[in-house]
Structure formats: structure tokens, C-alpha cells
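Below is one structure. I have some questions about it.
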Amino acid sequence: MVGYAFMGAAHSQGWRTVGRVFDLPLTPRLAAVCGRDGQAVRAAADRLGWAAAETDWRALIARDDVDLVDVCTPGDSHAEIAIAALEAGKHVLCEKPLANSVEEAQAMTEAAERAERRGQVAMTGFNYRRVPAIALARRMIAEGRLGTLRHVRVSYLQDWLVDPSFPLTWRLQKPYAGSGALGDLGAHAVDLAQFLAGEPVAGVSALTETFVRERPLLAGASSGLSAAGGPGGGESGLGQVTVDDAALFTGRFASGALASFEATRFATGRKNALKVELNGERGSLAFDLERLNELFFHDHTEPGVSAGFRRILVTEPDHPYLEAWWPPGHGLGYEHTFAHQAHDLVRAIAEGTAPAPSFADGLQVQRVLAAVEESAAKNSVYTPVPV
Amino acid sequence: MVGYAFMGAAHSQGWRTVGRVFDLPLTPRLAAVCGRDGQAVRAAADRLGWAAAETDWRALIARDDVDLVDVCTPGDSHAEIAIAALEAGKHVLCEKPLANSVEEAQAMTEAAERAERRGQVAMTGFNYRRVPAIALARRMIAEGRLGTLRHVRVSYLQDWLVDPSFPLTWRLQKPYAGSGALGDLGAHAVDLAQFLAGEPVAGVSALTETFVRERPLLAGASSGLSAAGGPGGGESGLGQVTVDDAALFTGRFASGALASFEATRFATGRKNALKVELNGERGSLAFDLERLNELFFHDHTEPGVSAGFRRILVTEPDHPYLEAWWPPGHGLGYEHTFAHQAHDLVRAIAEGTAPAPSFADGLQVQRVLAAVEESAAKNSVYTPVPV
Amino acid sequence: MVGYAFMGAAHSQGWRTVGRVFDLPLTPRLAAVCGRDGQAVRAAADRLGWAAAETDWRALIARDDVDLVDVCTPGDSHAEIAIAALEAGKHVLCEKPLANSVEEAQAMTEAAERAERRGQVAMTGFNYRRVPAIALARRMIAEGRLGTLRHVRVSYLQDWLVDPSFPLTWRLQKPYAGSGALGDLGAHAVDLAQFLAGEPVAGVSALTETFVRERPLLAGASSGLSAAGGPGGGESGLGQVTVDDAALFTGRFASGALASFEATRFATGRKNALKVELNGERGSLAFDLERLNELFFHDHTEPGVSAGFRRILVTEPDHPYLEAWWPPGHGLGYEHTFAHQAHDLVRAIAEGTAPAPSFADGLQVQRVLAAVEESAAKNSVYTPVPV
Amino acid sequence: MVGYAFMGAAHSQGWRTVGRVFDLPLTPRLAAVCGRDGQAVRAAADRLGWAAAETDWRALIARDDVDLVDVCTPGDSHAEIAIAALEAGKHVLCEKPLANSVEEAQAMTEAAERAERRGQVAMTGFNYRRVPAIALARRMIAEGRLGTLRHVRVSYLQDWLVDPSFPLTWRLQKPYAGSGALGDLGAHAVDLAQFLAGEPVAGVSALTETFVRERPLLAGASSGLSAAGGPGGGESGLGQVTVDDAALFTGRFASGALASFEATRFATGRKNALKVELNGERGSLAFDLERLNELFFHDHTEPGVSAGFRRILVTEPDHPYLEAWWPPGHGLGYEHTFAHQAHDLVRAIAEGTAPAPSFADGLQVQRVLAAVEESAAKNSVYTPVPV
């Protein structure tokens, strides 16, 4: 694994847990973790349960005891590391967004396709596909429970930037993060929309905004979880926020369904509210990540007199991933998405199948994000997304 | 009152009730109701409590015992009736949307301004401003409880057109209805956004769609409540739907806040879900018309350890309009918005003050709707709204 | 109508509205209202829409233009007025609880049975049976949607006595109110449990408590709505609270189902939370009066993978009472229960059928309340309820 | 650890995770797990991450590399194992209910007190005290946010016995389980009530019921998670259910607050609904285990105009246990209660402090359960609980 901040900790918990809960054809071993600060990475290895620590990701990739490289760094280094790992014959799991640009994502996808022909697999870390309620939603849609889709609505609302004194972390700087709420939150929203609808977004019309344009520079170095600072700290005073604080966009699917997206870090009081709703001719589904064990389903084929959105508590043994967990009603949490991701990836490696979401899926999300930025720059004009 | 279908029935209930519950400076009398079908309008007068019935709205306007004309017809006749009533010296309450075009709304507003100088009042029937929770929300925003606004999000979701065999009523024909979900539902959404934010929408970027383009012609004549047919029935076969089924648009306020709107009649399982959320630097508010006695408020000035969206049950005596109603917890319903509207209008007449929303407010909503249609026709390009 | 405080105002709104909304075989006229204070009752008659005012209920009963007497006084006068009205040949609607003792309720029931043989009807005003969601729940249970019942859980939580400086109104004095939360709130809870389960409570085990035993005496006379004072005001200082503040009881139905009840005015933050849940072998229902347009239904015959409590928005035209009201999603309020009660009573009178709940039903509730008090006095021992 | 079924798996996950997330003064090592079936226990050790396997709990206790014994067996063996472990100088964590009788719990408590004088610790596994929302609730109550308590309401609703063909597992047999819903669910309910209120239940009045009195015998041996069978399988046909299916009881605290309890496995559609509500003079709290990341708080000291139950998403860094986990809004699940339990126990061992809940706390719960059974056997008469 490369990187050991918030995502690294979450992935580690997934890797440590998956084999204790699921029956797996292969047993994952936490061979080595990599970071630039030797002392910090050794402490992280001990804490998170990795057998060894490296300070150069090239050394990590060169290790014989590493079969799979899990890339948990900021987006600006995804392409270089993931492509090198694939070229070195490793399987790769890469955090989302796949890259900071379509070009990088394109190169990564090509590398993945070449690697696939050599029997390697590559997966993009859209972990929310592994929330059991989301997996169940996808299964129900694939079964036709919603019929022809009319509306797909996804908003991802957080509020950690409301305070203008929150510092200028790497997530607020374009060179490291690529974009702001768009790439961080909007990427999840777009991936879920495409995953659930079963088709790509065909075009978008977008607005983006940066509400707070200057923020205090971080005094120290990179550290910690959510507010981890990027390189270049040490100065005092204010620095420019060079990414969006919020992105709103509408879109169309080729099937004719309409889509509505919102990603923001300024929705005061909303902590991690990834809300999804899909309306089809035969029914509707609704989900909110702040209540991740629940899926709401309206079955429009029922008599209206007793129809209504039902709250499915997604903890039954025949719900996705749940056969391995606790009895009904004993809910899971955020971190379990990483165990499920690990489960699916390990099975794909063992079975020689292509895991989803692939790098191509990650690339397709990246194309939507690029179209959003293009539309926003062109007065919101409707901008088709190439496939 | 002109018209006695759904809106006429609702307004009548408001007029009958207001003086029984509130202390009013003037006592409304239900003098006469008007409709084209003599037998039907007499039956409606008896049923709804009007003293007389007329079949020609010009005759209604000419009556000496009529001081106020309440226009509850489809949008295509609003301008003619309202202007004539104002010119005849009557006060006017006109249902929303104010008109089917900006030009009509402009003419109506000018007539209202002339009439105002003669001591008459004119009001647009955006009754949802009179939901106590909405009135409370406005009061809290005006008091600064939200601080600088960042996001205003309004969706109005219904599902009565999901079934493609639903007939081609007047609401689905442009000559009568002007537009579809946009004018019917979007008008409420835009009015609430502007009312709550306290400023007009500055520009929009929009998509509209008609999912079902042909529907069965209505066999009979106009009747009933929600699905009342328009003129021209009698034929069989299919006819063209000439209005939108759904409209999605994003926008900006001059203050810099972003806005997100959705109006649809295809959100399966959503019956009357007018949902509003506003996020500001100091707090947030959320509302859903399907739970109209509740307002959710997050106070961001509180310590995070005990902060969260609180459910204010808007039934306390110091909540707007509630001093006249039942003890706490004994909720109101949809129809009470019309009693509150009547209350505010009667007081304005008695006190000689200008009621809100004025015809100018209705015109401003109309300008937003026109900008939405223009943007949708121009590939969603951002389209400023004149003030 | 006798009495014109909170209940009188609510009943008046029901009587005024019912014929404007429903098709009725008879048209109710609001002939006369009665109260002891001549000036106040005349003002109330004007305000509430009654044609005449009386200051002696015997005079009211003697009027030729009165066919139905609606008793809205405190419980201590129910028996005398209702029996006299029945003996005078009038139909009677009597507010709940039917009386302050089983003996009074027994006498009233006997008078009602004698009157019934003369073609009169008598009804107890358990208005919550007329919440559409409750009526729908009863219909679903009668259809067998829940199967064999296992649990019936009813709590009625309010908080208006939490403040110890709230004054000693008539509702807190045993001579006027009979009991406290038990008779006021518990009576509704017991009636709903018996109505929904379709059988009487067989026995109870109870605790009651008075948390605040002394309260300020009311300075003035009886008036107003929720906190209307009783006779004997004028003094200063503190007086004894002689009724319960809260009553908790468990019980059994003859069928074997268990029941759990709670009635309190000390549930801080709960304003009018009448919550009902029934669990049966085939399904469950849940309801909360603070969201009275919603009924939650779990259908246990569905596959577990997609089962869950669904929120039925009880506003569809085929829901009870809804055929006469607004389109789906346009909710009703507390007061509409009184219009529905009036509707059912008027139809019963016109059709010569016995309305429910009868005085016998009111008596049966009274027997449960008496058993609760007996059990509470006898160390909570299980106390059978005679039928 | 002794036992490796549902509770064993959950405890193992807690032990494996705690040191990876929290800073601990001691590092737990998973030395050995014990079960009667040698092959099965070795498989469990591999799966769950234990270094060794034992088939005799006495051998486990005798191991030098074991400092702490975690007892996860059915209740009938708790006393023997826990006392032996304490006598052998080990620290002990014992699953709830502490024992199947007051006598056993008394003996265990005495053993724990003797051991404590030797520097050992003993803890009862009421893991729900470690739900962050519950820990926060306790903190708020201790700070006086609720003022004088009036009502404590706890219900624990499940539905896994609704189907009469569900087999006769050990949990339905008195010799193994002690009692049914009462000991399994009611024990949690009573512990939480006492923990949150900060005082013991003073007396109870109770009903218990067994709805389905015969169930199919289990064909095979003990195994698996929720429906694990007890000894004595192999026969066919039906066997007697010898425990309660549901227990309802009311109670009093010495402070005068009233308590209401319900424990059932027949609440159709409720999967793991441990619901808690406390109402005090200054505020109220509400919690539902099916939404375990949320705590609802009503602050009655606020102006009524903007008061209401707020939803605190208990995922902030200053919430209990949360400083070690994910960013705000990234919720935890059921299993994390076991990591928190391990955290508190390890710290108590390291610091030489007495952990809570102690065996004495477990004994006090047992006394309440015994009083419930006594009251139920004596016609629900109010039965004091000794302290």
C-alpha cells in the first residue's frame, strides 16, 4: 500500500478484516506500506498491521512479496504509481478519483488493459458501490424493479469548509487534488449514478463555485486524516484556494433519463450526506450514506392504497455481503465498504475475472468530471461526454 | 371567485374558515362564484357556500356586492380577468402562476400598480408562503439565523403522470397551462426560493423533458379536481403533450448563493414532495411539504458535540399563524394555507398595505420560468433573469 | 352544542365543514351553543357560527330546532347532560372520556340503549378513530393483514405540565376531570387499542404517579383553550393536584396478545405524540399522531430481502375519508377528525344505524381506566376488566 | 476466549481491531480460543485470528500466556468458568447476562471482589454502553442536561421467533439460557436504563408470555451464529419452549422516575430495535440501535419557538470513542462496540482501575430480572428489587 493517511487507514482495516469474516480463495497478507517519511511510515506499519515499511514506492513495487499494490495517495501521483505497478506485473487497486485528468486516466486505463492481457487485474476504489444497500439497489434495478428510469438524483453534501479559517490543505490545491468537491465528492456521485443506472452519463450542464477564495496556509507538514496538509507548508498568511467548493450539474443519460448532481463542502450540518434517488416507471429507490444500513424502496406496481417507500434494513443474510456478518439488525459501518472491496478484488484475482469498477469505469467518471469543468467554464452550456 | 375546481374548493374552504378562527378587521362574505356551466356552478355555489352563482366573469366583476375577485381559473385567463377586475375597482387575488407569459404578467403588474394608487390591493396566490413552517423559516432567515447563504435547494416532486395512460388534461396542453411541471410546480419552487432567500434568482441553466409525448384524449368535458380536463374533449385517440414533464435547473443569486431546482411529475412514489433546504454560514433549514408541520433547523453556532438538525414541530402559539389554532402538537393541513392567505389579504385590505406576494413578485417568478425555458431551448446556456 | 372551549371550537369547525366537503344525506345546521356566561357564549356563537346562544343546557335541550346535542363540557357534567338529552329525544354526541366514573358511564349507556330503541343514536367522541391512517389501519387489520396479533403498544406523550409553575386548571382536579393523563390521554390510547385490535382489554397491571403535587391556583375564571381553568379560581397560592400526571400499564387481550400503555404529560419535547404499534404474525403497523398523514406497514409475508416498514402517505382517494378531500400528498390536519366524526354520525342518523364508538364502547374504555386505577391502588396487581 | 459462536466472532473482531485504532497502554494478543469440538475450534482459531485452540476451558485458564479470559459461552456456564478464571488469577470479561440466576451472579461478584483485592479486574459485557451515542447520552445526563428525570423508556424489539417453525435452539431452553427475551434482550434494556439514569431500578411489575410453546427440535449439533442449537439435538419432532417470548414491565427508580420496559422476539419487522427514551425536566434524549450513529436530544431550556428533537450524528471527534475513528459522518457499526469494550477493559487493566460495568452491575441487572420473573409469577404485583 502506498499512503497511510485517512484512506490508508481505512484500506488497512479492510485488508485486515476481510479474511476473518469472508471465505476467501486467497489469503491477503499485509506485506509492506510506503510513505516518504521513514519514521512516520514505520509507525504507521506497526499501527496498521503491515509487515514492512518502505519510503520509496518504486522499492515497494519491486518487492517480490508484493502481488497487489493499493494506491492511497493524493490524485496527482495515481497515474505514475499505478502504471509503474502494472508494468511491474502487479495487480493494482487505485483510490478514486482515478486521476487528476482525463489524459492520466486514459493512460492508466491503457496500462490496465495491457496488464489484463497478462492476467493482472486493476480496480478503481469507488468503495461506496460496496455499501450493501447500494449493492442491493443495483441488484434490484438490474432485475427490473424500477422499470424505465426517469430520474437519477445524487447529492453529496458535507460541511467541513464552512468555517473560513479552515486551512489550505492539499485537498484545496489544484496541483494535488485536481479539483475540489467535484473530484472528491462528485466523483463518487457520478460513479454511483452510472453504476446504478447501468449506463454512462451522456452530457452535463454545470455550475461551480469557490465561496471562500483564500484560506490560512498550513504551518506544518502533511499529517493526519481528514485535514491532511499538502506539500509546501511552513509559510504563514493566506493562500489561494484553487479548486471548487461546490459543483452543481444536471445531465442526461442516453436512455432519456435525467440526472441531477450536487457536490459541496458547504452544506452546513450535513456531514457525509451522499443521497441517491432513482425514479422509474415501476418504482423508486432512495439512499442516504448517513444511514447506510437502510435502503428505501417504493414499489409502484402495488395497489396505491398500501404503497409507500419502505425502509429495507439491509442486514439480512440474503442481502449483498451480509451472509458473512452479524444477525439481522446489527448494522455495519463506513469501514466495511473496504472489506467488501477487498473481498471482491481478491475473488477477482483468484478467479481471473475482471473486477468492477475497472480503470475504464474510473476513466469514464473522469470524463464526466472534465465535461463538468468544461461546461462550467463555458457558461453552463450542455457538454456531451465522450464514451 | 372565478373557477370552482380544485383551487376553487381550496380557496372556498379558506374563505369560510378564516373569520371563524382569526380575529379579522373585516368579515369576508362569499358573495358569488362564477363558472361557464350554469348548472354546475350553481351546484358548486351550494356546496362551497357561495351566496350566488354567475356564468360570465364580467357579470361577476360588475356586481356591487363584490369587493374582491379571487381568480382560480387556468393560467390562460388570469390576465384578462385580473386586469378587468382591477380596472373595475376590485381587489384581486390571483392563483399562481400569475400568467402564462412574462408579457401577460407584466400587463397584470402594471394594472396592479395603477390600482394600488387607487387604494386597491393585488396578491398572487403562492399559498405555500403561508405554511407556518415556511413563514417561520423566513422569519429565522430574516433574523440572521443562517448567516450568509451558500445553497438554496428546492425540488417539487409528484408522480401523477407516471402512468402513460393518464389522459391529456388541460394541464398538459400549452395553450391552457403555459408550461407543465415548470409552471405548476416550478413556480412554487422559485417563489419559495426567492421568498426565503430574500432576493431574486439572477440567472439559470436548465434542462426540460417530456417523457411521455402522447396521451389519451379526454372523452368528456372539464370536471373534477386533479385531473380536470380542458376544452376540446370528445374525440378519441391520442393527443400531443405540449408541455414539459420535468424541469431541472441550477441558478445563482446576486449574493453569490447557488440554487438548485427540480420540478417533476415523474418522481414515482413522491406525492407532493416540495422539499426545501437552505445552507448558510451560521445554520441550515430543511422542509418537506409532505410533513408540513415540521421545520428542521441546524444551528451551526452551537458546539458540534451537541449540534444537529432539530425537528421543530411548528404548532406552538408563537409560531406564525398558530396563535389562532389548536394546542401544540395538533397539526394543520394543506388547506389551512388558504385560510392564512385569506387572513393576510383581508388584513392588507383593511390596513391599506400592500400584500405579499404582489403581482410584481408573481411577475418575477414568471421571468425566472421564461429564463428556464430560454436556457433549455439554448442548450442549457446560463441565462440571466432581468429584474 | 354544550361548551365552546377547545373541544367546542374543534367540533364547530367539523360541523361547519362536513357538508361543504362530503355528500351527506342530511345537512347539519348549527342551531345553538350553550355556556354559563351569557356574554361569552354569544361571542362564541358569533365566532364559531352558531345561530343562537343559550346559558342553560336544559333550555338548549328543550329547543325544537335541536335534534342532536353535542356535549363538549368537562367530564363531570357529561352524564347529566347526555342522559337528559337522550331522555328528551335528542341524538347525542358526547366527548371523551364518556364520564368520570364507570357508574356514570353505565347509566349513560343504559340511557343510550333505551334511546336507541326509540330510534335515537348516541356516539362517544373518540375522534382519533377518524384519522384516515387509523381508519386504514383498522381496515387492514380487519382484512387479516397482520394475522394473529402479538403486541399492541400505545403511548400518548405530551409535555405541557413539565413546568411546575403551570397553574392548577380544571384538568388537574379530580372533581372536574375524574383523572389526569389517564382519562385525558389514556382514554384515547385504550380506545384505539381496543378499536384496532377488535377486542376489549382483558386485564391490566398499572402504575400511576403525580410528579408535581402542588401548583399555583388560577387567579381568574375559566377560559380559553388548552389551559382552561376550572371553577373556584380567584384565590392565590398553591393548590393540590388531585389527578395523576402519568399512567403506565401493561395488559392482556383475551386472544393472548399483550398490550403496553403509557399516558403522560411529562414527556419533555413530545407535544401530541400518540404512538401506536401493532405486531402480528403476518405484519405490523405503526402510527404517530404528530405525523398523522402517515401509516407505517411491514408486510411479513413478503420476502425478507425487500421487506421493511413502508410509509403509506394516507392521502389517496381510496383511503378512508379521502375521496372527498384534496389530491394525493395534500395532507389533512388534526381538525379534520371532527369533520369525519360529524360525517359518520350524520350518516348513522340518516340511515338509522348505530354509530361507533357507541356509549357502550365509551363505557368499556371507562372500565379499563377504572381497572388501571384499581391496580395502581393495589400495588400494580393484575386486575381483570369486566365486559 | 471461551466460545466462538456469534459473540465469540464479535469479541474477536473487537480484540483484533482495538490496538490498530486506539492508542493503548497494553497490546492485546489473541492467545487461545476454547471450544468442545476440537476440529471446529481449530478452524475458528484460524478464521478468527487466535494463536492457539483448546478444547477444555480449564486448560485455557491454566495457560501462562493467558492474562485475561473472555467468556462468550451460553449463560449456564458463565459462573463456573468466570469464577475459576478469577481464582486462577486471570482478569475476566464475561458476556451478559452475567449468569442464569441471582445466586450465580452473587457468587461471581464475590469472586470478582476477592480478585479485585489481588489486582485483577472483572467486567460484564454490556457492550451497548459502548455505542458512542449511548456514551454521549450518559455524559449529557451526568452533566445535568436532562435535569430531574421523569420517564425512562426502553424497549428491545426483535422478530426472529415470529415463525413457529423456527427451531428449538439453546436460547429457547431454560437450562441453557436461563430466560428468553428477558435475559437476552431485557438484560440489555435494564442495564442501559440503570446506566443512563445513574441509579438502580427500585421495583417492577411484570407480565411475561410464551406465544409459541412448542417448536421443532434441532436435528444437528450446536453451531453457527444466531440460531445456534444447544446440546441434546438429534431427535425429531417438537420440544417445549421453556423460556419467555416476551416480557413487559414497568418500574420505579428511587428518585421517583418511572420506567417502562419491553423485550420481545415477536415484534414483526423490528430486527434489532433497542429503543431508549429519557424525559427530564430540562430535556429529553432518544436513541434507536437500528440507527446507532444518531442520538436525538430535545433541550427544553431553549425557547419553544425553535426547540425540537435534534439529530446529533455521533461521529464528531469530541464524541466518545470517536477521536480514533473516521471523519464526521462516516458511521460506525454494531461490531465497534466490542472494540470500545476492549479499549476500556485494557485501559482499566493497565491503570489498575475498576472497569464498568462491574460484576456487581451485572448482578444488579440479574436482581431486576429475578424481580421481573417473581412479579410475573405473582400476578404482576409490584416487586421491590434489593440492592
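Which chain is which? They are A, B, C and D, in the order written, and residues in each are numbered from 1.
Just so it is clear, contacts are C-beta pairs under 8 Å (C-beta built on N, C-alpha and C of every residue); 3 or more make two chains touch, one makes a residue touch a chain.
What you see is a predicted model, and the numbers here were worked out from it, not measured in a lab.
S.K.: By label order, what chains touch chain A and chain C together?
M.R.: B, D
S.K.: If I average the CA coordinates per chain, which chain comes out farthest from chain A?
M.R.: Comparing chain centres, C lies farthest from chain A.
S.K.: Need the CA-centroid distance for the pair chain B / chain C, whole Å please.
M.R.: Centre-to-centre distance between chain B and chain C: 36 Å.
S.K.: Please compute the C-alpha centroid of chain B, do the same for chain D, then give the distance between them in whole Å.
M.R.: Here the centre of chain D sits 54 Å away from the centre of chain B.
S.K.: Which whole number of Å gives the spacing of the CA centres of chain A and chain B?
M.R.: Taking the mean C-alpha position of each chain, the two centres sit 41 Å apart.
S.K.: By the touch rule stated above, which residues of chain D touch at least two different other chains?
M.R.: 270, 298, 307-309, 313, 328 - these are the residues of chain D that touch more than one other chain.
S.K.: Taking the complex as given, what residues does chain A use to touch chain C?
M.R.: Chain A reaches chain C through residues 136, 140, 297-298, 304-313, 316, 318-319, 328.
S.K.: What residues on chain C touch chain D, complex-wise?
M.R.: 150-151, 153, 155, 159, 162, 205-207, 209, 211, 246, 248-252, 256, 258, 260, 262, 264, 266-270, 277, 279-284, 298, 300, 307-309, 375, 379-382
S.K.: Can you check the complex and tell me which residues of chain A touch chain D?
M.R.: 6, 10, 12-13, 16-17, 20-21, 47-49, 158, 160, 225-226, 270-273, 289-293, 313, 315, 326-336
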